[in-house]
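Each of the two complexes below includes chain A, the first together with chain B, the second together with chain C.
Right after this comes the complex of A and B.
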């Protein structure tokens, strides 16, 4: 309970107004998560672990109502109480500052969207502007690089030239200077679309188009020469022909047609001869592969913002999928939820939660429905994520083995109360609250008979007065029946709510 | 980005969807009835597209194809009450007042599509919006919206649409001054209240100009526009008003089912707004049954429209509409002999109606087989 806490829950009360009565699901829950730690939240079924996590997100489903308490969110010295926030500002926090991983990954993925869409959905809610700016910046970087490459190419061409006279030398020096000046400006100023177009034109004119034009010119010339020769041949053949009057009329008609064709070809040939080979007009729609390629850098043909944005989002999705150790993220990102295995689906759900780099990750029994081997993988993943991202994790589970293996601190819940919070070693070696002790004793061990806590979890509709554990507690005293114990720090960093340790 | 790389991207993006469509087509091709329905509908679409070629409107219509030509010589020689059986000139014969049945049937196809698609389209959109809002928010909103739909559902559709058609005026006087005054006053207040910055000021100024203008015209010379409503438009409006509640009910049930799915909760937990949750997560998972019912409904809407026309409150007698042609034949089938004699006056347009309805029904059934995840098996 200090400044290092990301989230601090104070005396949280949640009640469910059902037909059979008011369920006092949470009765003064005290919880705090420190920066960069894994806090395990353990308790039996119905002790209010999930309700606590939902209350932190302010997503308690109706008929549940958050009746009292405070949930304080700290962000670099700034404090916010999520319970007094407006709906729209809490929406800004959900998914961005606090994200959630759920128990059944398959059910938490929308069956109609591919993995990529699922994750980008979350990104688009919170990181749209950021991603858009990134995409624009990346396009600009590409343009700058492209321009640099063009200019350097021009410079290289200039270097190759061998000037003869003094005048030419001066001219070349001037041009080189101009290019160098432009090169100096690169890093500061992104080019306008006009500039891109002009550079593209330059590129085409200087490097690719003249050769292509000459090639096409030669092709056309050869074609025309062949056609003209053909026509000439036919003409001579016709002139040698003789026949009756009717046949002659036919031949004359053919001759006239040939004359027009030959005139047409002659005209075309004469026009072609007027041109230099590099002046040949390629016509509209002429396209040369690689015309806008300069080395390995490619100019964006047009500033297609939407497309760039999409590409940026895709890149980000793949990055997130990589961070949760999914093999072949490009392929997986195109898959649909039904094509994923359980462990893979859980990884995707974790990726969704991590899409906006949350500061607190609430994991609501993420491994309960998985195979033991996959469970171990996911646990290791959660641990590495904590290390890499530095976000705190609230790990909800009822498996004490998982807690012992992965958590830094433990909070134990019983019937809507947090009864004990301590370091994980402290909790396992020196449990103070009778419930924690009983819980630890009831872990099955080989060769020993099963132990269980006598009695049942009390109904929360008419909960016991005083300490809610007193009917199952072997240390119960007089005051346990009437007074609710306070949540106190009895040892350094060891909090207990019990009358045995002065909680009255 | 070259065109080819763009095409490649498009192909990879569309692959799952394309395979889905291919699967749907394959399923449809396996079923003869589905193919029959598809072919019938395609034939009708062909007829509708080729109407000006199949039955060119005569010069006497003066460019208006929506009048069935009358045979003037028959009208003079035989009179209006005796129809003529099919001849080369009138392929399907002529009916009451010597209207050409062939022309009416061909152009009536367009009317049928117009009625069916407009009514079903508009009522689908309205029903989906209302039903989704009711189901998603629940509580009082649900009660209000659903009791309202219940009121409409409580009346038989045909009777209610009859009442609406009869009660609807021929023309609605629309006072534009009043309308503009209301709208601009609303926006001025909105922008004054909510957007107190430079853009807000510009909007306020703009709307104030309209406001002053409308106040002046309202005081001195109100701009009144008469909205003429044709007879067919009345039928369209009435049928739309009657048919949206069924869609609202259907989508409400679906949304109530999907609303409690876990992925909706996940969407909320990731900070999506309600609108985003509805459009991105709930509707894509719940809209298909509505599409199926809509397809089936196009046929039944045509039947209701035909019934209205037969009662005599549909389109005018010269209008090319199948129901109207059947209705016209009413006065030439006064006795048993006439019914047998002049069967073509009602049988041919009746067959058009029947084929149209059967076609849509078969297609709707096929769509259900293809789209319903419970019925489809790979």
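Right after this comes the complex of A and C.
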């Protein structure tokens, strides 16, 4: 145990009180995870790998009971024993300092909530304040920008005005000074109703802007003139036409229609001529391009803090999804678990675990149900995450290939005990414990007969006395039957629990 | 060597029903034109990712599923299959061809023919917890096929059950117990005993070791090899664990999206894989040696849906060597020498084809 350890598990004992007897699932487990490393936890089914990880999270399900031992969590010099903590304080740690990835991503994801919903849940539990502050800050920035934009606009309008008398000049200067003063002292206070009203007034004034009216006036005038000229032309054309009686009747009908149109246009034109250009009515709902927005920012007429906060959480979810290399994270965040493939679902679960930047990530067989090609992708992802985030990873697996490819150190478990812990290169080149050796020999190699470990994994109800491996061990001595070997450091950084190496 | 099993363009589509009248709207092309031959006495490994149709192929060969197209010749003499091929080329509707296929093509079998066939072919499933009836005693589980096939009954059947159970390493005490009383490895032994009690010639092993532990796995694999020698069995070993397949198989076929992309002897497949998918698959296997670490995943993306497989070569969207022709035409499975069959344009072009 050194200062670099994030978690140290010491003599952990867990028992399950079942109807068929007491299952001694963990019998003095010793384990430690260092900062920024991947520790592989290897063992067969029922060796207690998952129970160890659940005990670290203090999630051992009933009828399991943690009977003894210590789990020390070290956080910047502070030490905490998670086993003596209150339930409320362990909840502060779960998901935030220690996060977990489970084996079956589909069983772990809730089918009726979207990906975004489920990832944001973790964030809302542990990072609510931080996210809220972020959202408030971004709202404040927008308020200030909006307010500044309005003031700038007002100032620009003042600049356009040309005062005549001394008195008006002085008043204008005064108003400009007031605006400049306001511009200088911007607060993050949300806009008052008065402020919003004055902003609306400003917009309305712009909408009925005289220049725009004049422009529309001229446009209308030109249009009417063209129409009138058209009608006139058609009229003269009709008058020149001659034909039989029937044709003449038709022409006369057309003439009468043209007369009504001509009268209509004349009336409209006369009405327009009565107005001055700036008096032209733009009509309801008329819009002038660029006038609604002030600068690039729409002044926040109303604030929905909730909506703003939600947007902030969404942004964070997308960021986390992007960090686990999910293509098109915005779309995926709106999907439901059944729409995801196995590899994708596992990535989402990893994203969920990473949502709070945990210091220790427990991965419980995260690639067991995945295909080899996807497994290779996930393993790479885990390795890059370790590099980028610097968090420690406890990687539980039974696949020695995965261990060799991705772990820094290996702990081998057998029947509720950690029997050997060493560097990964040391473990594969120089295994000491007979079980570790047998495990490594059972890897199938082409051209060689399959080597198996004789016997079966023992039942943990009434387990063997002494070393629990002694009935399958070819080196078993007398003391192995009676005395449990101690977990000792036999070489620098190489721990073994075996009587062969002085464990008695 | 004579071939015991010949598949010709075998297809199995699962229908997808939809719409108001629950009409067939699409199909999952689980097995889409597979042609392989399995030789007598060998272990043929079938490898592929989940959803590529390995298990469907196995079940279709056993006629647990009815194939949609193609032929299965089981134990048919070589001259007969050749004659059928000749006839099919000349006139696919000739009565002579139909007669021959009725007799030799398992895909056309019905009723008693199928029953008789089942004696000769058996299967061991992946998960013994679900494949063994929890309400039957072990003696009944194992003897069931003897009764059903009418091979033996009474004292004789009991003797046969005892013999085979002993052979797979179970003791007499197991007879009057239920499957749940055994560990995973023992249950798988019972399943093996059940498959072998009627002395079949051909056994499909559908991921038989993926539900058991490492130490037990080696025991089972040894058992498979011993039994093969003793009974002269032919195996089709379906697995996604390439490490095991490399050790146990004589020849290996690699499947991708319902198609065999490459098949050859184990050594050729694992040492000189030709198809880019096989290369990526073999490179993805984590090597249990920390000094040989791989830095990058060889493949990106995931297997596309078999409902709408990509046009042309099914691997082209993920293939590093994809050419224009791969997007348009499906590459045929061609021999590139030494019985090494590959379905890839890049390979057939580089070898001067």
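Just so we're on the same page, the second predicted complex is superposed on the first by the 342 of 504 C-alpha atoms of A that agree within 3 Å, B and C clash if a C-alpha of one lies under 4 Å from a C-alpha of the other, contacts with A are read in each partner's own complex, and residues count from 1 in each chain.
Please note the rule applied: contacts are C-beta pairs under 8 Å (C-beta built on N, C-alpha and C of every residue); 3 or more make two chains touch, one makes a residue touch a chain.
This one's a predicted model, so the numbers in the text were calculated from it and none came from an experiment.
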Joint occupancy of chain A by chain B and chain C, clash or fit: fit
Which of chain B and chain C A:227 touches, first, second, both or neither: neither
Partner chain in contact with A:424 - chain B first, chain C second, else both or neither: second
First, second, both or neither for A:83, with chain B first and chain C second: neither
Partner chain in contact with A:336 - chain B first, chain C second, else both or neither: first
First, second, both or neither for A:93, with chain B first and chain C second: first
Per-residue touch tally on chain A - higher for chain B or for chain C: C
Touching partner for A:44 - first (chain B), second (chain C), both, neither: second
Partner chain in contact with A:111 - chain B first, chain C second, else both or neither: first
Closest approach of chain C to chain B (Cα atoms, Å): 7
Touching residues (chain side chain A, partner chain B) in the complex: 57, 59, 91-96, 99-100, 102, 104, 107-114, 121-122, 125-126, 300-302, 304, 307, 334, 336, 349, 352-353, 355
Chain C-facing residues of chain A, complex: 44-45, 341-344, 371-377, 379-380, 398-406, 424-425, 428, 438-440, 442-453, 456-457
Partner chain A, residues of chain B touching it in the complex: 1-2, 12, 16, 261-263, 265-273, 276, 280-281, 284-285
Chain A-touching residues of chain C, taken from the complex the two chains share: 49-50, 183-185, 213-219, 221-222, 225, 240, 242-244, 246-248, 266, 270, 280-281, 283-300, 302-303
